[in-house]
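Take a look at the structures below.
Both complexes shown next keep chain A, but they swap its partner, so chain B is in the first and chain C is in the second.
And now, the complex of A and B:
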């Protein structure tokens, strides 16, 4: 037993030595964003170092993030100082659990965002922190197969389908990549891109005849899509390893491809349908839970994060764009440059049809997205009849809207009370 | 892996049988070593090589991915916490599990069947379900964010294994051995410490290894119940999910290596246990 005892002794000695070196009293920044190791490290080293008093930046998966927060709220005391999360994460919370932030005097430069951040109350529940969007990206090898006369910065869905078909004809491989994996953000494509582009709505027009056309088109696109897409979640990986040449994804989930091989890829706007070029922002915010141990330090950290220089540092660290007006420096990473240009062209295009994030769904946000994912799986993966699937799912969606009482958001026409599914 | 050590070929065995035996040994080894080798190769490859295809099976000894983790804040502290929690889990699960295993194997008592069922039931509830009430309780009692609190949770997870393993071990040791010791002047306690304990030490080691691995691999409770005192798994795994693929490999390598070293260090006792079990 001696060797084992020795080993145990050595191990526990090492452990005690390592465990003893802990600093305390920093503000705990509990975030679901900037989770990839490199981004988390950049947040600590380049963004948060400048904050007096120190910040302990801890990114987490959504599950532990929420569970921990709920536990602290229920126990009535906690260690989380500042929360970082998507608009959807905050809108699922009880606004009473978040400290009102009106007196901070810092807000984003977008009135729309500031209104969203009130979560339906009269006070600011979270402060917009950074934003992003979804765009398209392609390997430059694919450009030669663009349909004749197509402008990559003003593609239509028909041209995109033709393009992917050309690539398949030329290479013998399906090279369109779609983040349809378990962790992929496919539902945002349907909610913010496909539906607005074809039906000028998301909820009202869910089962309309235009929606049937939209799904037919997507089915066509899917026939040229890499079938392994049901495993894809970060399209930068498939861009880099060549499994996909043309992809759709979140800007920060494409960033690594542009940063590693900036000369090999192009970023461009999402395609347009009959009802315009639908696209959707991603909004990330910061909030302070009512159990924050040091309210003043937490508020100071939120203010610090909205300073122009911090916002630029955040942009470089995470590839998420500022929410306040800042002058972008010349030395931004290639991914930021590429994505920034694509988003700018997208929002400035004459047929732009910007949508808003789903709002007012409360804790039904997950169920809402589930409807679109289920519809996708039934129509595209299981090959069921489009009309009957939409009629089925319509009832589910209508119930979610009824239960949450959420009014319509753009591009759906405004509603009195809960947004109806027509 | 057990058949490997037990099915020793007899001298009389014909060549085809030996070939089947060799093939199954090879298959089992590749089954275990293949993925670990790939992990190793990709950890020591540059990001470009990891993303390229076809893949090389010879590492290029590019230390970029590992160097990234070397300067990652809090890595060492998290490693230390993992070791502390795993060690406490080992000690506590044996201290609680072994007497329970002894009692189950040696004594008849009311509710024995129910007790055995209850022990298994501790594994019936998924941790994500238990984590919220546990965290609330821990915050209220001050156990929150301590390695001891987390070790308690991991001990609960490890106890069923400790009880079941020690139960079968004690059952394998004839009570006559103890009775003989009693007739020779031992008390119940000294008979246990002088006769039974040496015989089952290897088994205890085995359940300690189980406890260690369970604690080492557990993520959800560690992520919710600790903040400053993160374990390595919680610390890395939370971040690896969205990491670029070459860092996923490196992170996986860092998570696997200490557990492998530990198991390698105690393998002697493990093999000894199989000797007992096969008697």
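And now, the complex of A and C:
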């Protein structure tokens, strides 16, 4: 070995050591949210920069996110400081693995969210971080085909079906877009929108006669839906390329369309069925794993994230709305404005029938959603008989509820013990 | 040091590496597959194999392997024979043919998706030529056959090169004298291929087939990119058990099922293409 290579080796070794100690000082924020590169960068530059001590913001797919967390928990020591994830990700965990956060003194301004964040225990397991919802959006070219007398801010499912049929008749193309792809959030549509609107329930009414009607209506809507929907996951793409004119999706999965061409699209509330206008929030939280290397720094970061100015910066970076009361500034991006208005109209509508996120399912959250996705695939894609599919899937759902012992949540009527499938 | 121990010392690092990063994790997974609710049972197998999509995904995986592997064998044989006959530009052609090998499965899937999608290359080309009026949805749920063909095409494009590389090396090992002798006796090119190349290529063919068949049972990313949920395969089920359902036991059980199938096919190929004792090139 020459003197030069020896020297180079020593220098790089030193650099690695320094790098390691430098990384130690920052809090590792291990998140499943704000994954797109622009959003992650905006989180680092505009949201987390103000935190003293520095933050290493690392967004990841759910799989790797969970794998590393589980490895650290099993090893009993780790480097993750703060976890960011959906309510569903946290509810699938063992609450003992998360540090109780009651003494932080920061909570969201929604009692419902704070209760959800206890994950069925007596203590706060995560702190609500930001929220969103699912809404409808349309290309302005589609507005001329609205059925006569229909108010876009108070549509019914029948009017939506008629509207999509009109569009198909006029353009010769099926222009309704539905996120039915592998990564699409279709299950939330069934759990939070279709079922509450038609049956005023999600679990109890799973195989009711009203549910049969709901699926018949959805089948009708599907007949005017772009058949490529089984590959769609972020409806903003299809809005922008014109493959779909009327779509349903998560607010942050529509944002790009509004931000790129704010004058071309409108956002509006989800439609209503016989039992009201069902809709569902999306709740994102922050938790601290019991293996966090620096508990104080992690707690300080969680508190920092709930400050009003951080919440507004987060809104601008991710299009997710604050969970604390803040005055929205005038310069919010177009997508935030459009989605915010639609959500406000939706929740203030006289027939609003808000649902809650599934709670108490523990590690059965994935199985629960699979019941609805399977039902969709069998009834709509495979064209099987609605009644027999529902009766078949009902047994699977009943077993999940029995195994997890989860009580009913709104809009289902409360239950003693596990929520029954009637 | 005694030269007797040298080979063992030389393979020691690889052995240690495999033990630490393959054998040990494998044992953990195997244990996990039989572990449920704190006790050992077949519960995970019952649960995953009783799920209605299990038989569909098993069938799809098998069908895909059945459609893809024979085409790849013939293509790879054809390409390998062509390459070995070339006097000039042999390396260049080989490089070009093996490009798909350097592309990740997912990227390959996305490339083919860009071709078949509604606003993709195929549709734009067909509309541009006036064959169809407006872009059609090709990869929709109502065209399961088209979805299958698209996945098969992408797989053939992506993974034929791995067999090609092995077969080219194998053909290079066959001594020229056999061909010269055959020519003297007036054997046609086809006869030479059947009587000399194929039999002497047996060991390479065996390796290539085993590698390819095992990989065919592990097909995942290409299917996800092109078929989404329309074409469930075994690996997709394993992924969904591990990450969507967070049921590591179920995923481990299914992984063992795939392993069992791979081992079974490997044994069949080993037996079918065995080289008779004492036979050498």
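Things to note:
Heads up, the rule we're going with is that the second predicted complex is superposed on the first by the 398 of 422 C-alpha atoms of A that agree within 3 Å, B and C clash if a C-alpha of one lies under 4 Å from a C-alpha of the other, contacts with A are read in each partner's own complex, and residues count from 1 in each chain.
In this section, a contact is a pair of C-beta atoms (placed from the backbone, for glycine too) under 8 Å apart; a residue touches a chain by one contact, two chains touch by 3 or more.
Please read these numbers as outputs of a predicted model, since none were measured by experiment.
In the superposed model, A:237 makes contact with chain B only, not with chain C.
After overlaying the two complexes on the shared chain, residue contacts for A:63 are found with chain B and with chain C alike. Between chain B and chain C, more residues of chain A are touched by B.
Of the two partner chains, chain B is the only one that A:44 touches; chain C does not reach it. By the document's definition of touching, neither partner reaches A:120: not chain B, not chain C. Contact with neither chain B nor chain C is seen for A:407 once the two complexes are overlaid on the shared chain.
By the touch criterion defined above, A:74 reaches chain B but does not reach chain C. Judged by the touch definition given at the top, the superposed model places A:363 against chain C, while chain B stays out of reach. In the overlay built on the shared chain, the residue A:226 is in contact with chain C alone; chain B does not reach it.
Common to the chain B and chain C contact sets on chain A are residues 63, 241. Those residues of chain B lying in contact with chain A across their complex are 47-48, 51-53, 68-69, 72-73, 76-77, 79-81, 83-84, 87, 128, 131-132, 135-136, 138-140, 144-145, 147, 201, 205, 220, 223-224, 227-229, 238-245, 247, 251, 265-266, 269.
Within the complex formed with chain B, the residues of chain A that make contact are 1, 3-4, 7-8, 11-12, 14-19, 21-22, 24, 28, 35-38, 40-41, 44, 56, 58-61, 63-64, 67-68, 70-72, 74-75, 77-79, 183, 234, 236-237, 240-242, 256, 260.
Against chain C, the residues of chain A that register as touching in their complex are 62-63, 66, 92, 172-173, 180-182, 226-228, 230-231, 241, 243, 363, 365-367, 369-370, 373-374, 377, 381. For chain C in complex with chain A, the touching residues are 52-53, 113, 117-119, 134, 137, 139-142, 224, 228-230, 239-240, 242-247.
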